[in-house]
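Here chain A shows up in two complexes: once beside chain B, once beside chain C.
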Partner chain A sequence: MIEGLNPGIILILGALIVPLTSGFIRGILLLALPVLGLAQLIMLGLGSWGQFEIMGMQLTVTHIDPLSRVFGLIFHVAAFAGILYSLHVKDTMQHVATLIYAGSAIGAVFAGDLITLFTFWEITAVSSVFLIWASRTERSFKSGIRYLIIQVTSGVVLLGGIALYAADTGSIKFETMEFGSLATWFFLIAFGIKAAFPLLHNWVQDSYPEATVTGSVILSAFTTKLAIYALARSFPGTDLLIWIGVVMVIFPVVHATLENDLRRTMAYSLNSQQGFMIIAIGIGGDLAINGVAAHATISILYTCLMFMVTGAALYRTGTAKITELGGLYKSMPVTSTFAILGALIIIAAPLTGAFATKALIMSAALDAKMVILWLAMLFGAVAVIDNVGLKIPLFGFFSKDNGKRFQEAPLHMLLAMAVMAGFGIFIGLSPATFFALLPTPMESHTYTASHVVTQLQLIAFAVLIFALALRTGYYPKMRDSITLDFDWIYRKAGKMALTKTSSIVANFWDQTKGFGLMLVGWAIDKAEKSHGEGQAMSRTVSSGYAVSVILILFGIALVVIYA
Partner chain B sequence: MPNSDNRTYWLDRPGNVNKLFYGVVALTVVLAIPDIFALFNIFYDKHPKTEIEEIPFFYGLYAMISMLVLLGVSNSVSNFLKRDEDYYD
Partner chain C sequence: MTFFMSHAPVLAIIIPLMGAPICALFRGKTAPWLFTLILSGIAFAYSIDLLIAVSANGPISYEIGGWAPPYGIEYVADPLSAFVMVIISGISTGVLLYAKDSIANEVPTSRLGFFFAAYLLALTGMMGITVTGDAFNIFVFLEITSLSSYVLIAMGARQDRRALTAAFQYLIIGTIGATFILIGVGLLYVMTGTLNIADIADKFDSISDTRPIRAAVGFLIVGIAIKLAMFPFHVWLPNAYSYAPNIVTAFFAGTATKVSVYLLIRFIYTVFGADFSFGTVYLTELLLPLGVIAALSMSVVAIFQDNLKRLLAFSSVAQLGYITIAIALATEAGLTAGILHIFNHAIVKTGLFLTVGAMFFATGTTSIKALAGVGQRMPMTSFGFVLGGLGLIGIPLTPGFISKWYLIQAVLERGDYIGYGLAIAILLSSIFAVIYIWRVVEILYFHPSPEGAKGSEAPLSLLIPCWIFILGSFYFGIETSFNVGFAEQAAQFLMGAR
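This part shows the complex of A and B:
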């Protein structure tokens, strides 16, 4: 292989061959590409490659350090599992889009400079929208357009930031920056859009549930975590991020509780989990940044897994709505088991990965004496027990039987779930093995008696209230409806304001035009009366009469001037 | 596929959902025991990092309060935020 080739480029180039293949060969090729990328990543080790100068700027196409390596590794795993999950799809467009999207996300992670980052950043936006459009419904088309506008805006803002940053510092190296200048604000907004910061977040819940069954699995893994990586690289220890993160943890959980669509519930929960990582980036320091990398990894594993199980339900039953599903565990026992495993990982049950990784972020907050912050995150941890841990398996798979029977999910889907669940649990069983990959070496004390007891207590009492709420009818009723969110501002209020404004403008224009026409009509009328056919000013007169009039006028002039 | 299996599942049998519920209650009781031991400083050390954690049954209490807040807020904003499925179409 070419020395120092960015592993992401292997997937992107491979995507170009995919349309030439079909059937079994295509399956092999699709699965082989992430494996090749992973092999390249491992063979390269740490370092920088592909450095060259263009227009006075120093580019570094491949830069692998411990932080980018963690994200690169999990991106390869997610790409492999996502492709395995979508093997039944016969749609070339989706295969190509998946590979280019995953490849560009990996490419962006290993970008050593901002120009390379920007290039891959934009490719992720443009390639991923095809996974939404692939649903080929009007709703998904419109949602995809909104998604594309927002994603490309992020890219444009990033480019603006790069120009300012290069002018300020003369460097385009992608490294830790001092937050404060205008350029860094641009970066924060660009990264913040993709990280789903509060008020910039709606594209996640809008588009992920509109994507295809396999598309939402793929989408959930890359864009938001790429943004986490970019923020962890550039702004560790920036206080502002702590408060953004707190809002992110708390804000989406009410929507996740009320939501009827399983995939949208996941999208809200994903948003809340992003908050944990943003907080940790804001805290900064070795432990917190280790926590970011570790929790991003686990987060990709369980989020993908939950999108896989809800996707499998959608694939077999044609719906992912709680109100339309019932007794699915009888038809799909294996998928239901994976739903429970995913739920156990996401609620950070002992022996699962999140038990080990969430603790890193929580203790980083306590080490920094941020108790309020810690309480906010603990609230988020309880909320996710409800939102995903209980709601998705119980309401999605173990709800009251509605008499309908379906087939179990296809084997390749189950295998893909097994890959994600396997890694998620392996990290919990052997945290030290995984922690060795984190940016800073550290000692871990995952399994202390107090940590196990307190976490189990947290889970058990949350389950108790959940069960009591269900029995007493206090739990919010699931209804076939949507829940308004901030996007109401631009999808409804903005639209209404625009329609209103345009009707006012149109009205004003009509009035003005009417008045103008009236004026012209009046003038024509008057002119016709005086100059019209047979009127005073257009009458033909005899020359004698005309000469007399002229003489009289001359006479008056003479008298007036010389008198 | 139509409803072809006439198997009775464990969850379908009357009373079993109640058993699950009492199981959860029993579990919470068991998990509260270490905190009781900690009160007397026997068998179990809490290693608190903050003063808040020294409150007995802190994690259980906090989980219950959080859940009630979450459900309470969700219930109260539900009618205000819910719209028909085709609201935006």
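This part shows the complex of A and C:
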């Protein structure tokens, strides 16, 4: 293999061969590419390759250090499992888009300079939109357009930032930056869009559930985690991120609780989990950054797994609405088992990966003596247990049997789930193996008595709330139309203030969105009135009029020149 | 060979000029086209030789008829003019490769001889403007270009009668522009007693405070701006581009306005000198707002267009806005960006117009709505359009990105709020470009073909030249040593000249 070839490029180039193959050979090729990429990554070890100069700037196409290696590894795993999961799809466009998307995300992770990062950044945007369009519905098309506009905007903002940064510092190396200059604000916004910062987050819930069954599995793995990586690389220890993260943890929780669509529930929870990592980046320091890398890995594993599980249900039953599922455990026992495993990982039960990794972030927060932060994260943790850990398996798979029977998910889907669940459990069983890969070497004290007990208490507490709410009938009923009196459980849990805050923020967001939409509508309207076909700016004027304009401008020119 | 080489500056002009009347005698579809292609190819070859010679040995001066300047007419090939000559003759040759089937479809066979004669004259004029070192000679060549281009545009009348009014309006406005330039040159002559550009430039400082000179500057700038289709003098351009035969549009989009940009640079930097242009009179303050408005407003207009050629025409006006901004910055970095964008925009826009021409060839229309579903019917052409569109937007690996990168660096070099504002305006304009290109792509690919839509893939004789431009644009977007290298060299030469 070419010396120092960026592993992502293997996937991208491989994607171009895919249309030439079919059937069994295509399956082999699809699965082989991530494996090849992984082999290349492992063979390379750490270091920099592919340096060359273009337009007087030093590019580094491949740069592998411990931080990027962790993200690169899990991206390869996710790509492999995602492709395995989507083997049944007979849609060349989706396969090609998946490979290019995964490849460019991997490429971006190993980018040693900002230009390379930008290039891959834009390719992820353009390639991933095809996964949304692959649903081939009017809704998904429109949603895809919105997604594309937002993603490309992120790229343009990034480019603006790069230009400013290069002008300021004369360097385009992708490394830790001092937050504060205009350029870094550009970066923060560009990364923030992809990381789904509060108020920049809507594309996640808008687009992921519109993608195909397999598409949302793939989408959930890369874009947001790539942004996390970019933030962890460039802005560790930036205080602003802590507060952004806190809002991010709390804000989507309300939505997730109320949501009836399983995949939307997932999308909101995903957003909330991003908040944990953002907080950790904001805290900075070795322990926290280790926590970011570790938690990103785990969260890719379980998010993908849960999207796979809900996707399998959707694939077999044709709906992801909680109200219409029910009793799936009888039809799809294996899938249901994976749902439980996924749920266990999400609620960070001992012996699962998240138990090991979430602790890193939590203790980083405690180390930094940020008690409020710790409480906020605790709230987020309880919420995710209720929303995803309990809600999805319980309502989706174990609710009252409605008598419908479906087939078990296809074998390759189950295998893909097994890959994700396997890694998730493995990390939990043997955290030391995994921790060795983290950016800073550290000893693992995962299974201390106090930690295990605390976590079990937390889970028990969350289950209790959930059970109580359900028993007393206060848990939001899953209906298609959502008008629920939901704040009781939180009041009971003493979280009413937080809920209020969320609803105020949500309200504020709605207002802002409404105002924004109005503003955009107004601007488009004005633009059309003045610049549209046959309007003032584009009309074909008479020659006499044109000559008058020339004379007026000539007059102005003379005034300027004589001045 | 030494004879041909030492006469290269004049041969690149004389050959197409002499060829034009001969070409008018040819009949049939193939003969006039082939003849024109060969002559244009020879001019291209000479231009490349010139550029290589100039870049190695510095400017070349050629005395017409052996009369020494400043009394005789002098042709000067310096890094800028040689670079622009390569662009003009290269675009011309590339377009001609494509022309045969396309033009036979649009112009009656009996007139092809005249058509190509006019084409050769237009080429002569543009090359002449670029290489001549004589101010009055510029006007002469400008008129040769203009008159032949009125004819070429009016040739579109068989497809759409509106070509006639478009040509007529261009004639009126273009003549005013040429007259302004003539008045400006006349005033310079009155004050300096010479028409030789180098000579005028030498004497310029001693008389730069006089009123006639300032009037001359006003006339020249406005006159050139009209020819350049700088906002708001662009009224003639959208119609002329929309209704002209497709290869004429493609040819002019890459060359005609670029020659005017060359003139603007030549007068501002060589004749007046940067100190006078931006220090004594305030050309930055005059040109910068026009450039910004063009880049933003004309991009918005492009979004709302129904005709694909018109859309690209308005996009050209917007791109000329970038170049205007670059020139008005009055820095070496700005000038580099401007000259670079002359090249990059020429290759990208010509490629786009050629793909549109192929769509017209197959479907008989350039109305965007009527092109629905062409993505399925003409996959190669449509994909070419998409790639060209990416170049226009400025995605990395395309030349559009390179130009924008240099332009943004140049505006940020100002380091003040105007610089940041300009950078934002340029990025905003790129987003508009995404929208107007995307709108077309959406209709090409995602809307179903109308019932009974005709047209299948364009023939290879059209596809291959299209793809030469598209792939060429990617080549120059990745391997930038040619375009960036010569643009830098030209900018250094111009800034160092005074």
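Basically, the second predicted complex is superposed on the first by the 480 of 563 C-alpha atoms of A that agree within 3 Å, B and C clash if a C-alpha of one lies under 4 Å from a C-alpha of the other, contacts with A are read in each partner's own complex, and residues count from 1 in each chain.
Methods note: contacts are C-beta pairs under 8 Å (C-beta built on N, C-alpha and C of every residue); 3 or more make two chains touch, one makes a residue touch a chain.
These numbers were taken from a predicted model, which means no experiment stands behind them.
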| item | value |
| --- | --- |
| Touched partner set for A:Leu36, first chain B, second chain C, both or neither | neither |
| Chain B or chain C, by number of chain A residues touched | B |
| First (chain B), second (chain C), both or neither touched by A:Thr540 | second |
| Partner chain(s) touched by A:Ser363 [first = chain B, second = chain C, both, neither] | first |
| Touching partner for A:Val156 - first (chain B), second (chain C), both, neither | second |
| Touched partner set for A:Val334, first chain B, second chain C, both or neither | neither |
| Partner chain(s) touched by A:Leu458 [first = chain B, second = chain C, both, neither] | first |
| Partner chain in contact with A:Val560 - chain B first, chain C second, else both or neither | second |
| Chain B versus chain C as contact partner of A:Phe118, first or second or both or neither | second |
| Chain B - residues contacting chain A, complex | 1-5, 7, 9, 11-12, 21, 24-25, 27-28, 31-32, 34-35, 44-47, 49-50, 52-53, 57-64, 66-71, 73-75, 77-78, 81-85, 87-89 |
| Complex contact set, residues of chain C against chain A | 168-169, 172-173, 176, 180, 211, 214-215, 217-219, 221-222, 225-226, 232-233, 235-236, 238-239, 281-283, 285-286, 297-298, 300-301, 303-306, 314, 395-397, 402, 405-406, 408-409, 412-413, 420, 423-424, 427, 430-431, 434, 446, 480, 484 |
| List of chain A residues in touch with chain C within their complex | 54-55, 115, 118-119, 122, 141, 152-153, 156, 159-160, 163-164, 166-167, 182, 527-528, 531-533, 535, 537-538, 540-541, 543, 546-547, 549-550, 553-554, 556-558, 560-563 |
| Chain A residues touching chain B - in the complex, by the definition given at the top | 139, 253-255, 257-258, 329-331, 363, 366-367, 371, 374-375, 378-379, 382-383, 385-386, 398, 401, 403-407, 448-450, 453-467, 469, 471, 474-476, 479-485, 491-492 |
